[in-house]
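Both of the next two complexes hold chain A, though its partner changes from chain B to chain C.
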Partner chain A sequence: MIDIQLIGLLNATLQAATLLFIAALGELITEKSGILNLGVEGMISIGAVAGFMTAINTENIFLAILIGVLSSSIFASIHALVTVVLKQDQTVSGLILTILGLALSSLLGKNYVGRKLVTKLESVTSISEPTNIVEVLISQNIIFYIAVLLMISTSLILKKTMFGRRLEAVGEDSKSSDSMGLKVAKTQFIATCVGGAFAGLSGVYLTLSYVPYWTDNMTSGRGWIALALVIFGGWKPYRTALGAVLFGFLEALVPRLQTYGFELSPYIVKITPYVITILVLVILTIYKGGKTGAPKNIGVPFFRENR
Partner chain B sequence: MRRSWAVGLIIISILTMACGGAADVDDYKAAFVYVGPADDGGWSQAHDVGRQFLVDETGIETAYTELIPEDATEFRTVAEAYIEQGYNIIFGTTFGYIDAMAEMAEEYPDVIFLHCSGYLSNDSNFGNYFGKMYQPRYLSGLAAGAMTESNKIGYVAAFPIPEVIRGINAFATGVKEVNPDATVEVVWTFTWFGPEEETQAANALIETGVDVLAQHQDSPSTGVVAEANGAKWISYNTSYGQEAAPGAFVTAPVWAWGPYYVDVVNTIIEGDFAGGAYWGGMETGLVSLYDLSSDVPSDIADLISEKTDEIIAGDFDPPIIEEEFIDNVIGTVSP
Partner chain C sequence: MNNLKLFKRQTVNELSTFYSFLIGFIIAIFIGSIILLIQDKSPIDTFSLMLRLSVGSINSLSASLNKAIPLILAGLGISIINSVKLWNIGAEGQIFLGAIAVNFIYINTQINSPSIHIFVLLVAGFVGGSLCILIPAITKVVFGVNEIITTLLTNYIVFGVTIFLINGPWKDPKSLNFPAAAYVGEEVFLPTIIGKLSFGFLICILFTILAHYLKNKSVFGFEMRIAGGSAMTAVYAGINAKQKAFIAMLIGGGFAGLAGAIELLSQTHRVSTGISQGFGYTAIIVAAITGMRPLGIFLVGSLFGALSIGGSVIQTIGVSAYIADIIQASTLFGALIIQFFFTYQIKKVEND
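Let's look at the complex of A and B:
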């Protein structure tokens, strides 16, 4: 029995981690370009509801994933428009994106609340009840493997490709990048939309697999944990993945500890992601002279005229 | 100039009110404040269905505002706006409005405040109301006890507070009555509404081998998990969720606020309202057990309807235990 519970814990950890990781990875890419987008919670909601509505209406799971990803990406372009083109405050715009996304998803999803989803994202293999770690790892649904691929490719793109270098340059010093002939606005616009697309994928994962139905405020704060995760991960894909697994593990652990008979206050566990993130920041500040890995230009609008 | 008009209007309206004679329904307007969306399919929707029933039965003018957090300032802003518009009955339908309502009842003696699930009241314009949900929970326990094959039942619960603990114990009393070997395992989520937390909790219970899940939560996550794992599910609040998990749905202890809203508004119109606390049981229709699914064995269905009659007649009441769990419940009251 303990085995089933351990396997369950592992499986639940991966599910919670996948949701957090994809959204965090998208935000990482956006932030690398120097744009801070606090709208993750709203973007996940938009992807979640769009994917769910498509899945109910068309019963086509791949179309649902595609629509979810696209809608969030288009939604994120509002932030890009406001901050990159119109040079407005990124914090305010991001917060508005969160509020707008939650409200809009409630409105769109009104007639979908509590409806049964027939076409869910199923495991890629036919193992319905995994009995060991390997089976758990090979019996996830397609988005989990996409997430792994995204982790590896994002890391490679950031480190090895010209596009990655340019992205980083823009985020570190947009003025110099501009003088060097890089297209700052275009790069930032694309990075913001890519971040939105990732958040959308995370939303689709939520409503088509992890919690397969629709109701208002489905995300219940996961977007904010994803934001904390980017800081925890020091803007590095692998470390962000590690953080996602850690935070996901905590989420999966809370109810299971109770079934094991342990008494641990869930309140403490719930604040842990944030406490750990602050600790990481403090430790980096002390030992690495404040080098948290944050792009230097983050949150600063780029005005060519102000050089 | 404008101001004198306004003053004149106020004087005229005061005079009309004073000389109006016997009150009727047109003298009152009722406003409802909800913590969640009015169509959340759970707690707030149950209240909104009650509000519509009130309108149909009495013809009173009503309004509502949804998604108002359990926060004194937020409630006050909304309630004061209603009072300015002439609303004189304010329903606050979540526990967290308690302090704001108590204060406002003193400030606005001509407005009647009715607070759901609280414990404060006065003897003039401030009352609280709630229902004996433990009664239908006991009945749902009879169904759960009969339907488990593994003799393990899971219960996804929000917060370890008296209302929830009372419900778990009443449920477990029902389980024990039909199946002394079955246990009820409790996992706390520490949220009324948390799709992810509720999913995790329900999965954790499934992993321990439960084949029936019950809940004191506002989302249907538990039912969706039960459906995916071939388990049975006792829902809560409304029959909502039947659609989300049709194979798992057995029944649900449900709220029906409508009849109470009609009663209390009629009492107010007749001038007999005097604050105080109201705790309605199954005999009032405020709480009940939703129709059983066809999977419930017929002898158990008969037992449930027999017990329902006894509770309504006042011959039987499930025990009210809110300090600790009874012996067939696994879990801790203060995790």
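Let's look at the complex of A and C:
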């Protein structure tokens, strides 16, 4: 009996982690280029509502994924335009992207509140109730495997390819990169849109699988936890994934504590992820003593001094 | 060959923030119109209705200004904290904790003079707001933890605590369908000045002047600016940058907490989830759009208050209230785009 519960916990952990990880990985790529995008929460929300609306109207789940990813990416290009091309404050622009994203998705999703999805994103195999670890691993939906693939490929791309080295160079020292002939603005623009696309995928995962209906503000702070995960992971894909699993585990565990005999107010249970995120950030900052691994140019607009 | 190159302007027009805001607002109205047209609503009818119902009569005007109070106070708090180059994304939570502190003191004290009682409760709200930002402030100045994320996360924590309180220890058994704490007594309601305009608006004016003085005229304001600049300058000037940052954060949080107190004592009269409807987030836009200037925050806060009232009344004709949020956020995006042209110059350059 306890085994079934543990398997359920593991399954829920992976699902919660997938959602957080994809968004965090996207932000990692954006930040690697030296652009801070605090709009993750808004971008997830846009992807979530766009994917959900497409799924309801067309019942075509793959089109829904595509539309969700594209809309978030286009939405992120606002941030790219304002911060990369027009060199305005990244903190302000990102925050407003979150506010705008939440408002826009609520407006778009107004007529979809409470509607249930007919064609939910199902497991890739026929197993719907996994009973052992192997079954858990082979019974996730397609986005989970995409996430694993993205983790491996992002790590490889960052380390081994020219694009990855260029991205890192731009984020570390945009001025030198520019004098070496690298296209700083183009790299940053692409990285921001890629970050948006990833957040969109995370949003699609939210409404097509994790919680298959639409309500206002259903991202409930996950975008901000994703931002914290990038710091937690030290701007490294595998460590970020580890962090996502840890947070996913907590998100899955806390509501289950009651079944293990703990008496907890459900309202207090709800705030634990946020409390733990703050605690983890504090412990991490003390432990690393300032050397967080952040790209050196993050938040600094690139402007070519005319020579 | 001709090439376009970017130059930073030597001098930036003093009124550039104002012009950027104005053009940004026009852009936002344009975007709002497109959204309305997509939804088969007439922009002219909708906006004129919004205008009429937000500033068309003494009653609607006072409702708009009442709505502006939390936006202005929280915005002022954000601008004070920004003097040390830090961000406060936690105004929403500070507003709620301000209201919670008011109710806590109200339940646990017995004061006979109503005016002293109200004063004590307002102070409690301020302190509640400061308490809310205490942990982000400590973790920032002691350990250097990113305050943007910690202040934001406190919003979710305080909101969770509010839900817990109004469903648990403070639950009013008489409020059946809508969880809320019991009403405070009428003796502590804030009086009104004209129409429905709350006395809180006078407090708001006072605190705008106070914030303006604190930021721009006082020694502390000067020290805050130094503390927010380079670390070396602060050391040379003998200024304890961390201490200034800490104090600035507590004061800024207190401003938002006071907003929560006024909201409780003049609008909701009890702790509920309705204490703030995203005021803390809108305040970020208000503060950023004015370049963190207190007097500008007062004006833009008033305008945005009217916009919010307008947004909530047009729901009756089937237009989403989120249109107001979208206009507010688009105004800032528009303003940022225009600001670029004030700070940079695009010139044609002959390449050899």
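Keep this in mind: the second predicted complex is superposed on the first by the 278 of 307 C-alpha atoms of A that agree within 3 Å, B and C clash if a C-alpha of one lies under 4 Å from a C-alpha of the other, contacts with A are read in each partner's own complex, and residues count from 1 in each chain.
The rule we apply is simple: contacts are C-beta pairs under 8 Å (C-beta built on N, C-alpha and C of every residue); 3 or more make two chains touch, one makes a residue touch a chain.
Note that the coordinates shown come from a computational prediction; the quantities given were computed from them, not determined experimentally.
Of the two partner chains, neither chain B nor chain C is touched by A:Phe189. Looking at the shared chain after the overlay, A:Tyr210 reaches chain B, while chain C stays out of its contact range. In the overlay built on the shared chain, the residue A:Phe52 is in contact with neither chain B nor chain C. By the touch criterion defined above, A:Ser265 lies against chain B and chain C together after alignment on the C-alpha atoms of chain A.
Once the two complexes are laid over each other on the shared chain, residue contacts for A:Ile96 go to chain C alone; chain B is not touched.
In the superposed model, A:Gln88 lies in contact with chain C only, and not with chain B.
Within the superposed three-chain model, A:Lys110 lies in touch with chain B and with chain C [touch as defined at top]. In the superposed model, A:Phe302 lies in contact with neither chain B nor chain C. Using the contact criterion defined above for the overlaid structures, shared-chain residue A:Ser220 touches chain B and also reaches chain C.
Chain A residues in contact with chain B (one complex) as well as with chain C (other complex) are 106, 110, 220, 265, 267, 270. Here chain C touches chain A in the complex through residues 5-8, 35, 87, 89, 135, 139, 143-146, 148-150, 152-154, 156-157, 160-161, 163-164, 167-168, 281-282, 284-285, 288, 320, 322-323, 325-326, 328-330, 332-333, 336-337, 339-340, 343-344, going by the rule given at the top.
Residues 38, 78, 81-82, 86-89, 91-93, 95-96, 99-100, 102-104, 106-107, 110, 220-221, 224, 227-228, 231, 265, 267-268, 270-271, 274-275, 277-278, 281-282, 285-286, 290, 303-304, 306 of chain A are the ones that touch chain C when the two sit in their complex. If you check the complex, the residues on chain A that touch chain B are 1, 4-5, 7-9, 12, 16, 19, 106, 110, 113-116, 210-213, 215-218, 220, 222, 251-252, 254-256, 258-259, 263-267, 270. Against chain A, in their complex, chain B makes its touches with residues 36-37, 39-41, 185-191, 193-197, 199-201, 203-209, 219-221, 224, 227-228, 240-241, 243-246, 331-332, 335.
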